[in-house]
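What follows is a pair of complexes built around chain A, which joins chain B in one and chain C in the other.
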Partner chain A sequence: MKRKGHKKKRGFFNVPRNKAAQVRLTETIAVLFIFFILVLFGIIFFYKYQTIALKQQQEELLGARAIDTTLKVLFMPELSCTKGSAEPEDNCFDLIKLKHANNTFKEYLTKYYFNIFSYSRIYVQEVYPNQEEIILYDKEKPPREDGSQGWERKEPTFFVITLKDEIKGASLPHYGFGYLVVEVYS
Partner chain B sequence: MNRKAQVEMIGLVIIVILISLGMLFGAQFALKDSPQKKIFTRKGLSYSTVSAVMKTTVYEEGCQGQFNKVFTPQIGKDLLEDCARYHNNLEGFSLYNCRNKHSCMFLQEFVTELLNETLGHWNKRYEFKSVLIQAQADVPITLFDPIINKGGCKGRERDGSGLFPIHTQAGLVQSELYLCD
Partner chain C sequence: MKHEKRGQIQVTFSWVYILIAGAVILLFFIGIVVKQKAVSEENLATDVVRVMESIFTGAGVSEKTKNFVDISGLADYTLFFDCSEGVTEFGIKDRGKAIQNEMDPIFAPLELQDTVMNLWSLPYNMPFKTIDFTFVSSRKSKIFFVGNDPFIDEFINATEGFDNVEKIIDPAEIVPGLNYQFRIIDFTGGTALAGGVPESLKGYDDNKITALVFTAAEQVDYYQKQGDIWKKLNQKPVKIISLPGERNAAKYAAIFAGDDDTYICSMGKAFFRLKYVLDVYDGKLNDIKNYYLADPELAVGDCYNYISDQGYDPNAEQSLRTLKNRLSACLVDFPNTYDSCIDLVSAANDLKISNQNLGEKGDCITLY
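Right after this comes the complex of A and B.
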């Protein structure tokens, strides 16, 4: 007697149906795996981007503070070259004022100047005719509780200036050449 | 459209979205402006440098030249004018003889020193030039060789001090400094 054979059900690609389901399941798992890997890459990339963007933003803010402080110093009546009611000279510091400014800044540091300059170091370097360094203001961030340095970065800004010397010239003032350095601490 | 085609379409759309997002990020990086500080520094620094150079009083040996008293000329007011007046013969006569040199030769040497000790010291690239514009001449005359540091600013993003004109007996002397990173 001829036995009637059990005929297997055939599915997609002519693979037996239960096998086809397994292939599909594996395929779906592979696709999901790749998808989640892509998502993970995306998250890592975004995280890195955000970190860099935040750092850049902090740098820009520090840069803006440096500009702000530099402009304040450049136009300070305590330092700039003035003559009576005439307009102050551009990019010019009076040497006599400069030599006494440090004492004034120190004396009124907490009352007045800290609000203007915050944590920063400001000095003038004379280039010609002498090579003198005149420190105007120096207030470093206090160290942390563990004793380490209180600041992470300092942003320097340079500006070339003339140094007016009213004493040297008999009739006309003499002008030296130097630069102003403003370093702000983050 | 059968179901498989629909699924493939969705996959394609997701890929397109991912690529677009990547390109947007890339564009954000590429189109980012130079930081405000860089521009401020370049513009302000170039202007202040030329302004300071022009005012500087020179204390050098031989500056009295033809004068019979100790004389301390200013770069902009005295030396540039002298250079413009006697620029035809750089080995010949000039009123001032600082470092026993013709005014133009001295200016080139001295301004180079000043710029080197400031902008050069901060690793900046720059170009400084002074030209004489005369009514009878078509082309401006270069008073001394342009002072260039680190190859100058050719093909780079640069900012200038603007022109610093000085009226002299020989004509109009214009000085300008270009600064780049």
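Right after this comes the complex of A and C.
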């Protein structure tokens, strides 16, 4: 039989009772530390994922806006070729109207046309018979407070068009061709 | 004994503590799931209306083309359309962010619930193409025509494939079926509505039953069910401002529009656009005039006389100027000045005749 009288009180892992509390405290701190590390990892991962997803979404929206704007420009009554009450000619711009539309777009930019084109640059590059560039609309994002450029990316879209010049052709309209460029700013 | 009791209390306390902590953690996760569900639904609603906006852009420019958009995923939701102060708003009712559109005239019922959405666009000519009107409808939004007018057959033929247009003799014939809403288009001058709301439609919500009465060829009144009777929505008759002829976009628009306010609001968008398109045509007319003036032989010819305000009557220059002046009067306090926009029609008609003369009689450069 062993004597119990001199035996020290022992607790967890056979460690003396006064030390067991210390071990437990250290253990709790370690668990909490690991827990917070994991939470931090989670937050960093989530943040990174969100940033990438947001960028992707912005790119998608920019692409969609470019297509939408091109579509709107191609069918604008201010630009398209018409022949009486017949349907407008597809992918054709009237050169006389084109030159005046530029002034109209500029005059009513803030009042009306910004709602259609937003921040973008739209121009027609004539390829034949001349190589003239006709700017229809140009509204760049204003620079940031630090003076740097206000936009990060611009998405260009190109579309081949015919250019009808009725004055040049006398009795029959004269057709040239070129392409429409729509650049939208992000 | 003392030690044993302390142990018992400690064990019980631990379990209570575990239960509370567990419940808190569980509640936390349930909260996250509920929040995420709400956020996802909001996002879905926002995505859907964004896609709808793109579809409307496409449908708006694809002139005279009918588009049938599958919205079966939204069958449980109600789409709403509104137009006030020149801004069209549409989206999913009570969900997500609505889209606001200041540019495109969209004529649609105030609410819509279906699996397929019918989209159609027609150009609005005044006298040249000014803008495209987009019409929104659905199979469960039934349109019944009463009366005898050549326009009824034209409309039925034009909307072939929509599966929601029918010609009836008496509104009492209407069989509601599983449809969402009903509109009666009365070409009898109001006699079809004299008997009150048809018996078969009395059980429906008031806003689901509407009617339109053509009191003259180019004039309508909007009605809505109020209990068993019809309540007139507009105080003054709503004028249809357009040039006569087939595929009269403004007349079609009146049938698709939710009520008189949304109709006038969307028509306002067309008139504002007309102002800017007129500006471009004004510039073009000057260029054509200068071209004829530059050549002494052409300056005395028919072409110049169809253009210049010193020439024949009607001529393009005078008609365009009148159209511009009348448009200014129409827009001075829109929509209060809507009725004065009717004066645009005669000026637009003169311009149309001048343009026809340029093309047919003189073989000249046409304005449009």
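Operating definition for what follows: the second predicted complex is superposed on the first by the 132 of 186 C-alpha atoms of A that agree within 3 Å, B and C clash if a C-alpha of one lies under 4 Å from a C-alpha of the other, contacts with A are read in each partner's own complex, and residues count from 1 in each chain.
Note that a residue touches a chain if its C-beta (ideal position, glycine included) is under 8 Å from a C-beta of that chain, and two chains touch if they have at least 3 such contacts.
Here the structure is a predicted model, which is why all the values come from computation and not from measurement.
With the C-alpha superposition on chain A as described, chain C and chain B fit side by side in the combined arrangement.
Once the two complexes are overlaid on the shared chain, A:I96 sits against chain C while remaining clear of chain B.
Of the two partner chains placed by the overlay, neither chain B nor chain C lies in contact with A:E140.
After overlaying the two complexes on the shared chain, residue contacts for A:S85 are found with chain C alone; chain B is out of touch. Residue contacts after overlaying the shared chain place A:A64 against chain B and chain C alike. When the two structures are aligned on the shared chain, A:E132 is found in touch with neither chain B nor chain C. In the superposed model, A:E166 lies in contact with chain C only, and not with chain B.
Put simply, the nearest alpha carbons of chain B and chain C end up 12 Å apart when the two models share chain A.
Chain A residues in contact with chain B (one complex) as well as with chain C (other complex) are 64. Looking at the complex, you find that chain A touches chain C at residues 64, 68, 71-72, 74-75, 77-78, 80, 82-85, 87-88, 94, 96-97, 99-101, 103-104, 107-108, 112-113, 115-116, 166-167, 171.
The touching residues of chain A, counted against chain B in their complex, run 38, 42, 45, 49, 59-60, 63-64, 66-67, 90-92, 127-129, 157-162, 169, 174-179.
Contacts from chain C toward chain A in the complex involve residues 54, 57-58, 61, 63-64, 102-103, 125, 127-132, 245, 272-273, 276-277, 279-284, 287-288, 291, 352, 355-356, 359, 363, 365-366, 368. Per the touch definition, chain B reaches chain A in the complex via residues 18, 21, 25, 35-37, 40-41, 44-45, 47-49, 51-53, 55-57, 59, 72, 74, 114, 117-119, 122.
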